[in-house]
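Below you'll find a set of structures to go through.
Both complexes below contain chain A, partnered by chain B and then by chain C.
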Partner chain A sequence: MDIYLLEAIINGILLGGVLALLALGLNLIFGVIDVVWICYADIVMCGMYAIYFLYTQYGLPLPLAFAIAIAGVAGLGVLIHLLIIAPVLNSAPLNQLLATGGLLFFLQSFATLLFGTDFRNIGVRLPVLEIATIYVSFARLIAFAVALTGAVALYFFLKRTYVGTAIRAIAQDREIVGLMGIDQRRIYLVVSAIGGALAGLAACLLALQYDVHPFIGNTFGPVIFMICVLGGLGNMIGGFIASFVISQIIAIGGYYASTELSYVLAFTFFIVLMLIRPRGLFAP
Partner chain B sequence: MLSLAAISAGYGSFQALFGVSLEVARGEAIGVIGPNGAGKTTLMRVISGIIPMREGAMTLDGRSIGGLPAHRVVEQGIAHVPENRRLFPRLSVEENLRIGAFLPAARTRFSEQLDWVYSLFPRLRDRRTQLAGTMSGGEQQMCAIARALMSRPKVLLMDEPSAGLAPIVVHQVFDLVRRIRAEGLTVLIVEQNVQQVLDVVDRAYLLEVGTIKLSGTAAELKDNSLIRTAYMGL
Partner chain C sequence: MSRNRVLLFAGIAILIALPAVTPAYFLHLLIQILIWAFIYTAWALMGRFGFVSFGHGAFLGLGAYVPALLWNYWDVTPWLGIPLSVIAAVVLAVVVGYPCFRRRVVGHYFALVTLALSQVVLLSLIAARDVTGGSLGFTQKAVGHSWYALQFPEKGYFYLIALLLWLAGLLIWQRIDRGIGREALEAISDDEDAAAAVGIDVMREKMRVTIISAALTAIGGAIYGQYVMYLNPDTVSGIAVSLQIVFAAIAGGVYSLFGPSVGALLTLLLTEGLRVWFGTNFIGAANTIYGILLILCIIFMPQGIVGALQRIRLPRRSRAKPVAAQDGH
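Now for the complex of A and B:
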């Protein structure tokens, strides 16, 4: 097998990890609260700016900057729920979409106003590893490992704890969870915080690889939505698998054609699949 | 122990209950019977706080529970087995039971309570890892009752536990109700299956178009000519 193709496939898998993390967060929020955070990729952008300033301007150690960013974006998730989602919780889905869509433009414009359109990099250079003549970026390897660890931790949280079980229950029958002593509003806050924390974690992993600018959300936001719909909105396992399907199409497409064309391929695949299986790859 | 005084409730502009009063004493089993649309389910939902009452007063052991949201009512010791069971279909039987023990007080005695409901319903122990939605109707009803018992309630509300079940299973469900009574629980049960419910309760109320039309001991109601002709087909 062509060594460059193999390299592309490996990079595709590594990219899939971070996409999967974001798909999990978005699916969790949709599955439980039944709203789509259109602005999800843009709170990742906020996290990346936080890391950039804490690390390069305020000189905090990188792990501390990461921890603050994760906690900060988790808090941002709670704020989004309280200020934007809660008031429109019983409104038509279109209104909810417009509310979080409005926040997307707000965050992008606000970031432009505050930080300008410069591309900023935290300037951490991690080595490129050579494993059996294949070159793999260490930053991507870390991102993949951390994303996978995050996904596994989320799995055990949802599977093993009372709150995690309640989160799964609420997604199955919203109306009667109160009868079990579960306060729906509290669970929504917990889920918004987890969704935010996952976006914060993704911000850490992306800050190691990419420059931050106000519109960075646009580069991966649409891909994440495509992944979630492909896997079936709200279906966490479906979204997880779809992340790797899409990242492979992007990676292999990039190898045979170009990166730009690979996104065209991925979205074409998505459109065709929606015609065949409108409810997602893994719909029952 | 549970007391309702002149409760009114409804949905939007539709009023379902008009000044309903009833009393349940400790250890008693009380039935609420009546036709479809009489407001029986609404009554249960008002007690457990799923829908708010509009007028009236509701107390448990002398403490007001009127106006509390559902998750606070459970804390006070009222558990509700909802109409159509409403299990979480893609959670396992044991996960459903764990959700039933969500309250902090119930969590601390989870394994003890689990042993108790498994001893009441041994079938559930065999099915503990099965997804709740894949069980038979009777087993699901068993699981729904067990889930409610996990919070160790003082009062158990049961909404049409026999609905949609085969006649032989209906019989088993009423046996379950007897077993729960034997455990000393206070039970308020809503049923359309009048003949069988009057065999397990001490007293019953007849609810028609949102008002209590009749009440009495089970024996009295069994002899009542209105009940016999309209509800028992005798």
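Now for the complex of A and C:
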């Protein structure tokens, strides 16, 4: 096989890890709270800015900056739930979508206002590994490993802990859980915090690979929604698999054509599949 | 009735006379408001029935780019280019809309599929950078004052074109609002199966309003392109402009004739006002405030500004339907 194609495929798998992490967060929130955070990629942007400023401007060590960013974005998730989602929890689903869409506008423009439109890089250069004449970015390898670890940790959290069980119970039947003595509002806050933390974690991984700018959310936000819908909104395993399908299309398409065309291909693939299987790839 | 007529004609007369007394800058603002009001009204044709499309950026992009590309590369007059762009938009709307409606892709799913559609057009425009100039944008060949090229350096002409377009958009909106199709579409958005059971041709009604909406949006995009004479993929297609359309229409109110136009007026005045007020040092300020207003609007006035005003003024039975509640959940 062509060595560059192999490289593209491997990079695709590595990219899929980060996308899977984001899809997990979005699916968790959708599955439990039944709301799509259309601004999800933009809270990742907030996390990336936090890392940038903490690390380069305030001189904090990188792991500490990461930890603060994850905690900060988790807090942002809770705030979003309290301020924006809670008031519209009982209105039409589309109004909820639009409320978080308003937040998307707000976050992007507020970031423009505060930081300008410059591209900023934290300036950490991780080495490129050469494995049997294939070049693999170390940053991507770390991102992939951390994303997988995060996914597995989330899985065990949901399966093995009391709160996790309560979260799954709500996702199954939100009417009954109240009778089981579960405080829905508290679970919603926990889920928003976890969703935020996953976005924060993704921000750490992305900050190592990409420059941050106010509109970075627009570049991968639509891809994450696409992945979630493709896997079936709320279906975490479906979203996980769909991340790798889409990232392969993007990687291989990028190898044969250009980056933009590979995204065009991925979006077209998504539209066609939606028309064939409207409830996602893995719907029963 | 007669009083309303008098008011209507007086209003139109004032609007026609306006360019004579308005400075060029305000005329420029007015033209933009009218064109966007037309586009938002076109979106509301679908949006009011619960088909919340995030894909109108796709139609807008086609409308803007097709005539411009034809003009620059083959000297095709926009008089031919615009109808071609409308055909392209309608074909796209049918190709995506028909299976969507057939397969009952509704609510979140419909919103996200159409979002992908607008991204496809955006990224295709960027990818074809050899032809379209990509993210750097695209400028039409200028030939000065020409009916053939539909180019008028004097703003008065475009003002009248935009005014005409806007009035036509309102007329179409009203025709649908008063026609039997509206009852059918409202029934469909409440309960598709029940609507089909009483003999409504669900597919036909949905396709009709989708095609009209897509075609009008393409025309709006084309006229916008002819007016500003500079196209950029990000300003006429993709997620950003699609969201802009959805929000302005909803902020103004999708259930009333002037709702989307009020949305256009307020959002443009807000953007311009803040830009003048803050200067270019604070480029994000306008949209920051805009974003906050949107969130507040959706939480506290889901039926839009005009809807909220009507709620206060009108008796209970003729109130606008609250909230875009009619998606399939």
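Keep in mind that, in the parts below, the second predicted complex is superposed on the first by the 284 of 284 C-alpha atoms of A that agree within 3 Å, B and C clash if a C-alpha of one lies under 4 Å from a C-alpha of the other, contacts with A are read in each partner's own complex, and residues count from 1 in each chain.
Operating definition for what follows: a residue touches a chain if its C-beta (ideal position, glycine included) is under 8 Å from a C-beta of that chain, and two chains touch if they have at least 3 such contacts.
All values reported here derive from a predicted model rather than from experimental measurement.
Novice: Could you tell me if A:T149 is touching chain B, chain C, both of them or neither one (first, second, both, neither)?
Specialist: It touches nothing on chain B or chain C.
Novice: In the overlay, answer first, second, both or neither for which of chain B and chain C A:M274 touches.
Specialist: second
Novice: Tell me the contact category for A:S258 with respect to chain B and chain C: first, second, both or neither.
Specialist: After superposing on A, A:S258 lies in contact with chain C but is clear of chain B.
Novice: Which holds for A:L179: it touches chain B only (first), chain C only (second), both, or neither?
Specialist: In the superposition, A:L179 touches chain B alone.
Novice: Comparing chain C with chain B, which touches more residues belonging to chain A?
Specialist: On the superposition, C touches more of the residues of chain A.
Novice: A:T165 contacts which: chain B (first), chain C (second), both, neither?
Specialist: first
Novice: Taking the contacts chain A makes with chain B in one complex and with chain C in the other, which residues are shared?
Specialist: none
Novice: For the complex, which residues does chain A have touching chain B?
Specialist: My answer: residues 162, 165-166, 168-169, 172-173, 175-184.
Novice: How about chain A: which of its residues touch chain C in the complex?
Specialist: So the residues of chain A touching chain C come out as 36, 84, 87-88, 91-95, 97-99, 101-114, 116-117, 214, 218, 221-222, 225-226, 229, 233, 257-258, 260-261, 263-264, 267-268, 270-271, 274-276, 278-279.
Novice: What part of chain C is in contact with chain A in the complex they form?
Specialist: Within the complex, chain C touches chain A at residues 50, 52, 96, 99-100, 103-105, 107-109, 111-113, 115-117, 119-120, 123-124, 126-127, 238-240, 243, 246-247, 250, 282-288, 290-295, 297-299, 302, 323-327, 329.
Novice: Please name which positions on chain B make contact with chain A in the complex.
Specialist: Touching chain A from chain B are residues 48-50, 69-71, 74-75, 79-80, 82, 86, 88-91, 95, 98-103, 106-107, 147-148, 151.
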